[in-house]
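Order of writing sets the chain letters: A, B and C. Residues in each chain are counted from 1.
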Amino acid sequence: MAKKKRRLKGWIIQPMRFTLREMRQALWKPSTILYPLEKERDKWEALRENFRGHHEIDWLKCIGCRLCSRVCPNQCITMEDIEVDENYKGPRRSHMSEKKNRIHRPGVDIGRCLFCGNCGEYCPTDAWTQTILVELTEFERDALIYSAEQVKTEGGPSKKLINKILENPKLDVETCIGCKRCFNECPTQCITMIPGPKMRKDKPIEIPEFDYSKCIGCSTCCDVCKPGSLTMEEI
Amino acid sequence: MSDMWINMGPQHPMNHGLWNLKVRVDGEIVVESIPVLGYLHRGVEKLCEKRDYNQIIPLMDRLCYVSSLTWSHAYCISVEEMMGLEVPDRAKYLRVIALELQRVASHLMWLAAFAPDLGMFSAYLYSMREREHFLDMLQWLTGARMNQNYPRIGGVRNDMPAGFPDRCFKELDYFEKKLEQYKQLFDDNKLFRMRTMGVGVLSKEDALDLGVTGPALRGSNCPIDMRTHDPYEVYDELDWEVQVGKEGDVFSRYAVRMGEMRESCRIIRDALKKIPDGPVRVKAPLRPTGQGFRRTEDSRGEALIYVIGQGGESPYRLKIRSPIFAIMRAVPVMLKGTSVADLLAIMGSVDICIGDTDK
Amino acid sequence: MSSWINLYNISYAIGEFLMGIVAAILNFFGQWIGPLSDFADWLMSVNVLNLVAIFIGGAAVMVFVSIINLFIIMWIERKMYGRIHDRRGIMLPGPWKKTHKGTGFLQNLADGMKLIQKELITPKNADKWMYDIAPAIIATTSILAFVAIPFSETFYVANINAGLIFILAILAIAPLAVVLAGWSSNNKFTLIGGLRGAALMLSYEIPLILSVIGVILLSGSLNPIEIVHAQQQTSVLGVENWYIIPLFPAVIVFMVALFAELERLPFDLPEAEAELVEGWLTEYSGMRFGLVFVSKWVRTYAGAALITILFLGGWSGPVLPGELWFIIKSYIVFVIIVWATWSFPRSRIDQIVRIGWNWLIPIAIISIVIAAAFKWVGWF
């Protein structure tokens, strides 16, 4: 009987009751917001933990190791070569950049970025942060390519380096020619050159020795190694 | 009047996504129908052969933009199977919470697409409004609203934020209250019952023969849910029930989905209570070898990803089994002899997502 | 108060003033040309002034119905279903605040301006003459229905004796234009939509007219003004006997049939936008589409006005002038129509026909029997 009564109500009354309740609630304050005029800043702030929006790079933390551009699925990060004066307080990239007063910092093509957050996740110095800023539209495609200066912030120096890739370089002593490329290019300066077992012109060939506590697994040394005597191996 | 062919698509209000349904109608009666797929083929499987294992996770998110987390999770769990990796308990619970939040959001998106098909535009906005709460929760937990990129091989991306369970309970309370109220709008609504009951009946035998999975299969009185049938993560430890419909028509598919939303809320509550402490991620090998094969319950059906690794940085081959691609075969069976108006209700009840169908 | 301020008197005064100017000019020339002053005298005679007053009054009704009233009801509907959807509805182009707190009253004007600027596309193989004439038929018949709808005892265009028949007949022409448009557009979706329109008309015109018969029985007239007069008499209950009380089943039947007549949402099958893109309207663009779209609201208001006249006592009510009471009542009916529109899913064509023949016609006949019984007892 009750079921039959409910069914009879279902012709007209029940759905109209539902819409009436919604209308009564929405009469003075609908739950929509008119976006450009109103913004839910409070909610954004409250949910900002883990959020991945506009990129920001702390230049005082970044060491220019190229890891972000390596892990990016869309290859939207390009490293820029920037000349600085001698007493620039941020970290230099390597022995080479200390010599030449040049640093490497990433720039982002937001038009291709898919906001996966891999760059921040694998950054060994936590220089990458992603803000809650999501309003990134532009009228031209070129304006979406942010140079390194446009994503620059300056916080403070990083505490320590973490190897998040969990790989370390291994040296094949037989093929190493002692060219010091890896020594010059290593962004964390974890390589020292020591005399190796092989001799050339009565002098021992210098081979790199790695300080694995400082290594971040960026594989820059492997990339620059001409004879290919460096390979990455999992820890 | 003689028959005529109608192209329902690629641009038609009926198809949610880019596909084409060719229908031969005799007046209002559908005589024959041919679904045409492939308008959205992006070559995802081939793309995956050029990315390394971690870079594939955000790509898998793009398979289906409505329930992206289930796909990236399906990929991660297959790769873990290949590596023989054991995920920490806390990560398993976090994955379940995120997956069920995603499932509710996906089912609400389905409701938002299904109701306007039946002419109920109001329900579209109501369910989008409720979806917003779940997207907020996902945003807080995973860091993005749509393409979350949350599961990782060997765990999850980050731990739960502080205060997450309390707020989540609050949102679930609100949603469960709303879900009860929706009965007034749908279950009691006589016109809605008339449109959906006895329409597009798919018998249990047909459904099993044609490879139909997910809510469409459970609507045909067949209690196969991958979460209990082939349990993964911690679903077997949690307190919930598989939803089964009896008739196999549109209404029972609707009822299964509404019931699943309710059960998902139960799962989230239970998981948030039982969640243990511990790490959320373990180290995964970078160059694995072997093959992984794991099926999971996507919000549309059985999602399966098959990975072969041959020691390189990227997989040798990756195969995606999409639930909707299989259900498309059952579409001509369901549509035969129905009217053009019922076609809407039937196709709406299937919950088509072309992103993972065309791959 | 409302005894001398009414449409007829005002338009008579305006007409007398205008005709006085014309007659004065004619008389000035009549000094030299004799027949002109005779013509001026004829212009100032009572019959001609009556005719002019009726023209001016008719123009006023049309302006009210087709412009002012139309904007108000479009605004009510769009704002109201916005609120039903839990959103703000139209808000920006209002005359006052142009922010999200605004009223958006001029949104429909802006939409109309946009539609006027759009290109009028005629499909290549369309039957051009029929294709062009169909929106015009719908628009003209919708507005023409207001010729016989009186807004008060004096606020009307024409006092037709069989006015009710005229209104129902003129509203029933539109489905013909729907079939015409559906056929001539040379498109499969429009064809199905047009034929659905024909099927709807067959199943819903009959209960619509049957439900009115009770009213005719009780009032004994087909004239809308006479029907309202009959409702203004006090009944045995001591209040004005609006026919909604004895003929409640007929009101429901009339309402449901009206939804199908107006192609509103539970029964908007001819333009079911989910399955048949926009139904019979698919190929129309620009102001042709705008005309049809606007005349849908005009017809909705005509339906609300009909319900007000037939069942809610027309313009009868205390204190306020009759026109205002009529508008208030018809707006309330319109709000109920909008509220119901956005609460239901669309039904299927066979279900509509079944509801029409299995439920509505028997209920309408029962209401006729009720009316006859009341008449026989002598309560009305």
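Basically, a residue touches a chain if its C-beta (ideal position, glycine included) is under 8 Å from a C-beta of that chain, and two chains touch if they have at least 3 such contacts.
Fair warning: this is a prediction, and the values are worked out from it, not measured in the lab.
A complete topology is adopted by the chain contact network, contact being made between every pair of chains.
Here the chain at the heart of the shown protein, by mean C-alpha position, is B.
When the C-beta pairs in contact are tallied for A-C and for B-C, the bigger tally goes to B-C.
For the pair subunit A and subunit B, the distance between mean C-alpha positions equals 31 Å. Subunit A and subunit C have Cα centroids separated by 64 Å. Inter-chain centre distance (subunit B to subunit C, centres taken as mean C-alpha positions): 47 Å. Subunit C has residues 84-87, 342-344 in contact with two or more other chains. The set of subunit B residues touching two or more other chains comprises 122, 126, 129, 185, 189, 191-192. Residues of subunit A found to touch two or more other chains are 15, 18-19, 22, 31. Those residues of subunit B whose C-beta lies close enough to touch subunit C in the complex are 4, 6, 12-14, 25, 27-28, 115-122, 125-126, 129, 185, 189, 191-192, 194-195, 339-344. Subunit C meets subunit A in the complex at residues 80, 82-88, 91, 99-100, 339-340, 342-344. Chain contact summary for the complex, subunit A toward subunit C: residues 12, 15-16, 18-20, 22-23, 25-27, 30-34, 37-38.
The part of subunit C that touches subunit B in the complex is made up of residues 81, 84-87, 188-189, 192, 195, 265-266, 268-269, 272-277, 342-351. Contact residues of subunit B toward subunit A in the complex are 51, 54-59, 61-62, 122, 126, 129, 136, 139-144, 147, 149, 157-158, 161, 181-182, 184-185, 188-193, 283, 285-287.
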